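We just call them A, B, C and D in the order they show up, numbering each chain from 1.
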Amino acid sequence: MATTVDRPRPAAGGEEGRRGATGWFDPRGRRMGGLAFILNRLTGIGLVLYLYLHLVILSMLARGPEAWDQFVDIALSPPFLALDVLLLTGLLIHGLNGIRVGLVGLGFVASRQRAMFIALMVVAALVAIAGALRIFSGE
Amino acid sequence: MTSDTRPVEPPPSRDEGPRSAPPFVGQVVSGAVLIVLLGLHMVAQHFIVPSGLRFYDDVIEWLSNPVMVAIEVAFLVFVTYHALVGVRAILFDFGFGKRTERLITNLLWVVGIVTVVYGVALLAAILNAA
Amino acid sequence: MTAPASEGHRTARFRVLRRKAGDAAPHFDDFDVAVGPDSTVLEALVAIRRDQDPSLTLRHSCFHASCGTCGMRVDGQEGLACVTKVGDASEVTVEPLANLPVVSDLVVAMDPFYDGLEPLGRPLVRSSENIPGALPDGVEAYTRYEDCIECGICLSACPIAGSDPLYVGPAAIAAAWRVVEEPRGREPGPVMRLMDDDQAAWRCHVAWECSEACPSGVDPARAIMQVRRKAAGARARRLFGMGGRS
Amino acid sequence: MSQPQGGAAPFHVVIIGGGGTGGALAHDLVLRGVRVTLVERGEVTSGTTGRHHGLLHSGARYAVKDKESAVECIEENMILRRICPGSFELNDGLFVAISDEDADYEPAFYEACLESGIPARRLTAAETLSLEPNLNPDLKLSVQIPDGTMDAMRMPLRFFATAKANGAVIRPWTLVTEVLARDRTVYGIRVRDLTSGREEEIAADLVVNATGPWAEIVARMAACDVPVQPSPGVLLAIRGRVCDMVINRLHPSGDGDIIVPQRGLSVVGTSSWVVEDPEDLGVPEDHVEMMYANGSALVPMVRHAERRAAWSAARPLIGSREASTGRELSRTFKCFDHRETDGVEGFVTISGGKGTTLRAMAEKTADVVCAKLGVDAPCRTRDTVLLPHDAFYTVVPAA
């Protein structure tokens, strides 16, 4: 898209001035929306990894009741439950922020995006805490 | 008032033919669907199945309902799409250039199809084993 | 009748990122500068060049947030050095804008920024016009885009421009939306077609950094979302056979 | 020594100083077929040029006391409107009488405007307030004249852009370390490229010193003397446009008597004093206070407006060293051929003047330069429409 004009340029740093493909998750100097973006990406990557992990684990279901129920016993141990809380938190952040990105990103309520982010993240925190209590109470 | 002196050229027409709907819209739509499906999933786990969807027998019984199977397959399709478009966006940030980007898109299509096929086959295997 | 700015009440340390042609990597140089309660980062940098190191290169011109040349990163955040106060800081880190090629020290090359505006016919009007009646009602809503001072700060703050050199960047899309909202005789169709693109309006990830960083209140992020809304609406109308143009 | 290779152009002129005057001179000289290299220590327009209040003078300000400057201004005002389309807010200006004393000054002022060729229109208090409702409601009357608002950097940048496109070599970040002379004849300069630290010599048939308030310092490098007095003024930018026209106080030139709307800001100016070192101006807080006080006499809402920036710019005034405020010095410009003033050949200084007259200053200087070099080419800058400012960054220089 950007036109590339071959132009003599006494650049000391050349293209290195760019933050770079891995620079996006550097939170230094970022403002609220930038942090939301970083958070959304990190949770997104985490959820993709979880998706494939989940698909692998589910293959145990095909191996019959013993294999699966044995796994479920392990999965009910506190360290695993902590991972569940992490998963829930990631889902909440990604999903709720996603509502904001979807609305704002298509030109709706753009002027309220900041307030919306704060409100949604408060909801995420509350639901995550409630969920954590419920998960650990063993219900 | 006066205008600029350099003549304003009409922007060059783009020669790439009709473009597909922007991935962003797809992300929003699939994201919205996922919120609904995931909501159903959570409600089902914690309110319909009394002890949560955990043990083998519960799972098998859950899947004996064809509506639930349909929902699971839909979930798989949408979540795979949403995940891989997200991965594509992150990969595109490396600025590889148009050709590599096309390659990435095609590769991710393959990954997505394999994922869905694997998931459906797994579902079939689980139901067969039961 | 003069009170030099160097008559400061205290000393602040400035860590300035330096790089000259031929340097393998940039490095920080520390300078201690006398600052007063109203000192700006630009005044301090000019004092460093005058009193300590004449080889320090930086861009500046108007000293009042109108020319847009002194955009840089102060303590990691983009701003115009001429209106960025030193405040109570005892240490201030100064780096060139990100996402643009470094020419030397704090100087970046601006041509990639202007290249993004070129295909649009460079619609950023450099002076606000004063012809009563010539503009539509509620013109206040439109004129803010004319406040763009082409400083490149939005490009530096944008996380996408940070990694993808193909993205046209916030300023160009804001300029394009100005043409759509207020054509002033231009045909907005081709501009919309340029912006309805996955390297243009659709590339944005809604981080809103550009609008938060803009020293001139241009709000490019809102413009990007307006472009998308219009483009998506046009696509939807086409999809359902209601005609409409992109 | 890097001897610039001449193509068709036989002469090479080096200009020291990348302000409006240097840029306009580069533009003028390349149009006359002279090869030009311009060196500037920082970014172009980073000295006085970029810091001025962005007023396209009608000349009315000088009409009573300095008719020469007034005539110069109105002529250049009309030329710039033609060759820099899009660079100006054609908003006109008002000279507003607040006190009875101001009103008494009006007949002389109005007559002087007409005598200088400045179109002027008398307005009653009611007419004035209908144009600019934020003005002091106690105003007595006003005179409308063709002032305008410009972008202090982008208008001059168009001269640089056009010069560059026509083959001039513009070198910012290039510090002059020595003016090279032999037998009282200047033959080039030694520079340090600040982007790399490399030093080199640039040969020249003639060197022009266009460094504004730095003119005396640079002239001394060539053992010459220029009576330039840096005379700074404080300017104050407040948030918001308190007016759409340029508002001047109708009285003999004084401190804090003008408000220029600039984009979303209003610039109040200016004070005046004199300094020795153009590098060290400072922003005296009492001057800022004075801008607030005098600005609010014109437009009361200035009093409580948010301060966006306050800065100083040094006018390069020509005149006696004994001046104490700078106001008594002429606002016109002067071109010095140092063969006549100091017996040094190959060295010319241009100084004085103001942003509005940059083209005229360049024309006068280019005439002197061309006469010295024996180049017989007319000035073409009156009718050459300039490239837009951003071409300075995007244009690919002719090889």
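As a working rule, a contact is a pair of C-beta atoms (placed from the backbone, for glycine too) under 8 Å apart; a residue touches a chain by one contact, two chains touch by 3 or more.
Just so you know, these numbers come straight off a predicted model, no measurement behind them.
Would you kindly say which chain has the C-alpha centre located farthest from the C-alpha centre of chain C?
So the chain farthest away from chain C turns out to be B.
Quick one: most central chain, C-alpha centroids?
Centre-most chain by C-alpha means: C.
If you tally the C-beta contacts, which comes out ahead, A-C or A-B?
When A-B is set beside A-C, the one with more contacts is A-C.
Would you kindly tell me how far, in whole Å, the mean C-alpha position of chain C lies from that of chain A?
Inter-chain centre distance comes to 29 Å.
Centroid of chain A to centroid of chain B, CA atoms only: how many Å?
Spacing between the chain centres: roughly 15 Å.
In whole angstrom, what separates the CA-based centres of chain B and chain C?
Roughly 35 Å separates the two chain centres.
Chain A to chain D: how many Å between their CA centres?
Those two chain centres are 55 Å apart.
Which residue numbers or ranges of chain D touch two or more of the other chains?
Only 86, 90, 195-196, 388, 394 qualify.
Hey, what residues on chain C touch two or more of the other chains?
20-22, 103-104, 109, 111, 115, 118-119, 122, 129, 160, 163, 165-166, 197, 205, 228, 232
Chain A: which residues touch two or more other chains?
5, 7, 10, 12, 21, 24, 101, 105-106
Enumerate the contact residues on chain B facing chain C in the complex.
Going by the criterion above, the answer is residues 1, 4, 6, 8-14, 19, 21-25, 89, 92-95.
State the interface residues of chain A toward chain B in the complex, per the touch definition above.
Listed in rising order, the residues of chain A that touch chain B are 21, 24, 41, 44-45, 47-48, 51-52, 55, 58-59, 61-65, 68-69, 72, 91, 95, 98-99, 101-102, 105-106, 134, 139.
Help me check something: in the complex, which residues belonging to chain A touch chain C?
On the chain A side, the touching residues are 1-5, 7, 9-24, 28-34, 36-38, 40, 100-101, 104-108, 110-111, 113-114.
Across the complex, what residues on chain C touch chain D?
Residues of chain C touching chain D: 1-7, 20-22, 38, 40, 50, 54-55, 57-67, 69, 82-83, 103-104, 107, 109-111, 113-115, 117-118, 122, 125-130, 144, 146-147, 149-150, 216-217.
For the complex, which residues does chain B have touching chain A?
The contact residues of chain B facing chain A are 24-25, 27-28, 31-32, 34-35, 38, 46, 52, 54-57, 59, 79-80, 83, 86-87, 90, 93-95, 115, 118-119, 122, 125-126, 129.
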